[in-house]
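Structure in structure tokens, see below.
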Amino acid sequence: MLNVGVLGAGGKVGRAMVEAVEAADDLALAGKVDVGAPLTDFLDAGTQVVIDFTHPDAVMDNLKFLVDNGIHAVVGTTGFTDDRLDTVRGWLADNPGVGVLIAPNFAIGAVLCMQFAAQAARYFDSVEVIELHHPHKADAPSGTAYRTAELIAEAREAAGLGKVPDATTAEFDRARGARVDGVRVHSIRLAGLVAHQEVLLGTQGETLTIRHDSLDRSSFVPGVLLGVRNISDRPGLTVGIEPLLDL
Amino acid sequence: MLNVGVLGAGGKVGRAMVEAVEAADDLALAGKVDVGAPLTDFLDAGTQVVIDFTHPDAVMDNLKFLVDNGIHAVVGTTGFTDDRLDTVRGWLADNPGVGVLIAPNFAIGAVLCMQFAAQAARYFDSVEVIELHHPHKADAPSGTAYRTAELIAEAREAAGLGKVPDATTAEFDRARGARVDGVRVHSIRLAGLVAHQEVLLGTQGETLTIRHDSLDRSSFVPGVLLGVRNISDRPGLTVGIEPLLDL
Amino acid sequence: MLNVGVLGAGGKVGRAMVEAVEAADDLALAGKVDVGAPLTDFLDAGTQVVIDFTHPDAVMDNLKFLVDNGIHAVVGTTGFTDDRLDTVRGWLADNPGVGVLIAPNFAIGAVLCMQFAAQAARYFDSVEVIELHHPHKADAPSGTAYRTAELIAEAREAAGLGKVPDATTAEFDRARGARVDGVRVHSIRLAGLVAHQEVLLGTQGETLTIRHDSLDRSSFVPGVLLGVRNISDRPGLTVGIEPLLDL
Amino acid sequence: MLNVGVLGAGGKVGRAMVEAVEAADDLALAGKVDVGAPLTDFLDAGTQVVIDFTHPDAVMDNLKFLVDNGIHAVVGTTGFTDDRLDTVRGWLADNPGVGVLIAPNFAIGAVLCMQFAAQAARYFDSVEVIELHHPHKADAPSGTAYRTAELIAEAREAAGLGKVPDATTAEFDRARGARVDGVRVHSIRLAGLVAHQEVLLGTQGETLTIRHDSLDRSSFVPGVLLGVRNISDRPGLTVGIEPLLDL
């Protein structure tokens, strides 16, 4: 049984994590702490791992306290610059048994979609990305699609592939999307959708499609639990859940 | 048993039509005529319907002969301007029992995709079109996708719908595609693909997707046979196979 | 401005309808009545149309009161047998200006998927249905998929089509699904899914796919509002939203 | 420049391989040999790698000759039992510099689909497989889908996952497909299709879909060329193209 604490337990994500920890057979909820409550509560409860979905203003103080007290951390809070990551690495160097996982995206399917796309890109002549979201999204393409296209472009270059074949001569310029390092990204905005991404790869006579559908906002839960269950075996700083996926 | 003749029988499409007529239980191949051969062969064979996949330079002479001799025609040859259609209408006025079907696209699935998209567009807040083709295609978007978007835009306007919702503020401009009368069309070019189109419609909590895949070039055959079997019941000029589909 | 009342306003669906009526520019919320409250409240408020998502035990009394008082009704409550429908028809015969719409499914996309599938089925050699739901669903195939397959089978028979081609000789019998009047229905159960259906149609060289995705439970709202806005023009009983869709 | 020979050059697959070798900038066609012609032709032409798509009755003699003469081989011919593979291993032990690749499936996309599905299966509660083929196929499910399901089941067991969640109580038994080691495989047969497979994986709030479409029979070409270019670096026997994909 692993004793797990939740920071930011009063927020939307925090509440979902409290529920998820309580529902898991191998995890015990050691404590939940919201804004203003003292972190020392975690010590009294014998907390081994803390989940932090709080705020960029609070997360560094939280991490300093947790690392100094030998508590592992799984962090979904945003705002980690390279400077901040270096600071965390410094604290961990002084506490060598402690593990911290900081990830921008805990949706396992989204991360696998990106990884598989980059792996497959070496073997296909053509590749394009379609990302599909609700119409309230302000930016196009999505950050995930942009990063996916960058990874694909890197993989193609490393494999010595040239430009994707494209005979288009007559072309308009007003569809939503972008060309990222030579990879076309198409952005669909549609009422009723949540967050979806499709990578299409093609070569002679065949295509491979890798699609991720995020149908509700709880899709980060399985990724956070994966982190919670594995972080004690990964001392030091881990960035992104990719290293945990053992691909 | 219907006696069917094939014009342009030596071409790729013509050969496929000869095979299709021979394979059909209710059709008899009355004759096949290629460039240079006399059209009078059809008369001796008692031909009732002729399929014409020839050339813009030859098709008007062919049609004049067929109409004057009381033979129905199903025509996939391109190059029909409004002037040419009016000329054919004039010949048909003088031969009131004869039917001529001229269609730019005989793929039933492509036509249904377009029709269903236009019908459904009245009931959805959002709609976008994705067309996907092999990378040797020179134009983007495809003519079919362009026409689909026009039909959707007309249907939305007739239904009093306003602009599709779109909160995009940050947007790049280099994806392949177009905005057609306010409808976004995304163009994918991918090795391994043939010709495909997907219309995505969305409203609160649900989406409807209508997709057409043309997997090989014989997809016009069922539509031509539909025309052959029905044209004798449709005297005068019919443009497009839509009226035959009884939607 | 149309005065709209909501019955069952305290339930999940009822609350969503109250919100939707309040959000619509052309509708005014004339009253909301929950279990135990008197229906006469609607009369005082000048209610023109009432939405009823209540209970089979309550709905007949509700309808009797509404029809007798000249109020149109849009009903999503279940449990309408042929007997019950006949009873409602009798009341409406005595109140000739009143319209009642009773529908088992208000999701416009689901209804269009069914209708388009039946229309298209006449022109394709092959057709199969895939329905995909969350793994807590007890019945397979879904009622919607079953009904879709029946409509497809009827359309094929009316068009004189024979059996779908199928050379399968070696076959196992343990996949989830059914054969409905000769149409194969495949049932997928997958964590993360909500409610989805795909109809695949195929003929020589091409396929047509019609897919409906219901991504959250509010997908009935646009269909109910369509009923509310049109029911005063449709005196008598209307079953299903199909007649309102003008296909 | 690599000197490549083609065995079975008169067959459909062989002809496609001859074309592909001639079209590749880094490969030279050293010779093509069909049934009855002497294999010694390859020696005179300085052939380094031979592609063998012949017949189970001929392939063992071919391989013996090639291995004994220090020529690498890439083999798509079927019928390799464990006994035959052991025999080939024996020949290779006596000729340590020679490499032989024998693969049941050279379509890179199909192999990646299988591999990615097995890798991802560890992280999802649910998984089902849909395979879609033309209606002339006699067996259901397809061999590829059956193998995919086995790999998924092994991956789930290794990861300690239990049964996939499934609340189905009312179920019919006549859909096409199978349950393979607990994994449901659905088989679609549809006119117009070629060969397609889709693996659906789901967990809380998200799904991942991996789809392979084989649109024409030349989809084996890129995989064979990958083998031709790499086999000289892989002495001994390699079974399947998976090890070459560097996943």
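Note that the chains take the letters A, B, C and D in the order they are written out, and that residue 1 is the start of every chain.
Definition applied: contacts are C-beta pairs under 8 Å (C-beta built on N, C-alpha and C of every residue); 3 or more make two chains touch, one makes a residue touch a chain.
Given the structure is predicted, the values throughout are model-derived calculations rather than measurements.
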Contacts shared by subunit A with subunit B include exactly C, D
Farthest from subunit D in C-alpha centre terms, which chain would that be?
-> C
Hey, how far is the Cα centre of subunit A from the one of subunit C, in Å?
-> 39
Whole-Å distance, subunit C centre to subunit D centre, using C-alpha means?
-> 46
Could you please state the distance in Å, as a whole number, between where the Cα atoms of subunit B are centred and where those of subunit C are centred?
-> 33
Subunit B: positions in contact with at least two other chains = 124, 192-193, 201, 203-207, 213, 215-216, 219
For the protein chains shown, what form does their contact graph take: line, ring, star, complete or other?
-> complete
Sort out for me which residues of subunit A touch subunit C in the complex.
-> 192-194, 213, 215-216, 219
Subunit D-touching residues of subunit C, taken from the complex the two chains share | 124-128, 130, 132, 135-141, 164-179, 184-193, 200-207
Contacting residues of subunit D [partner subunit A, same complex] | 107-110, 112-113, 116, 119-120, 122-124, 201, 203-222, 226, 245-247
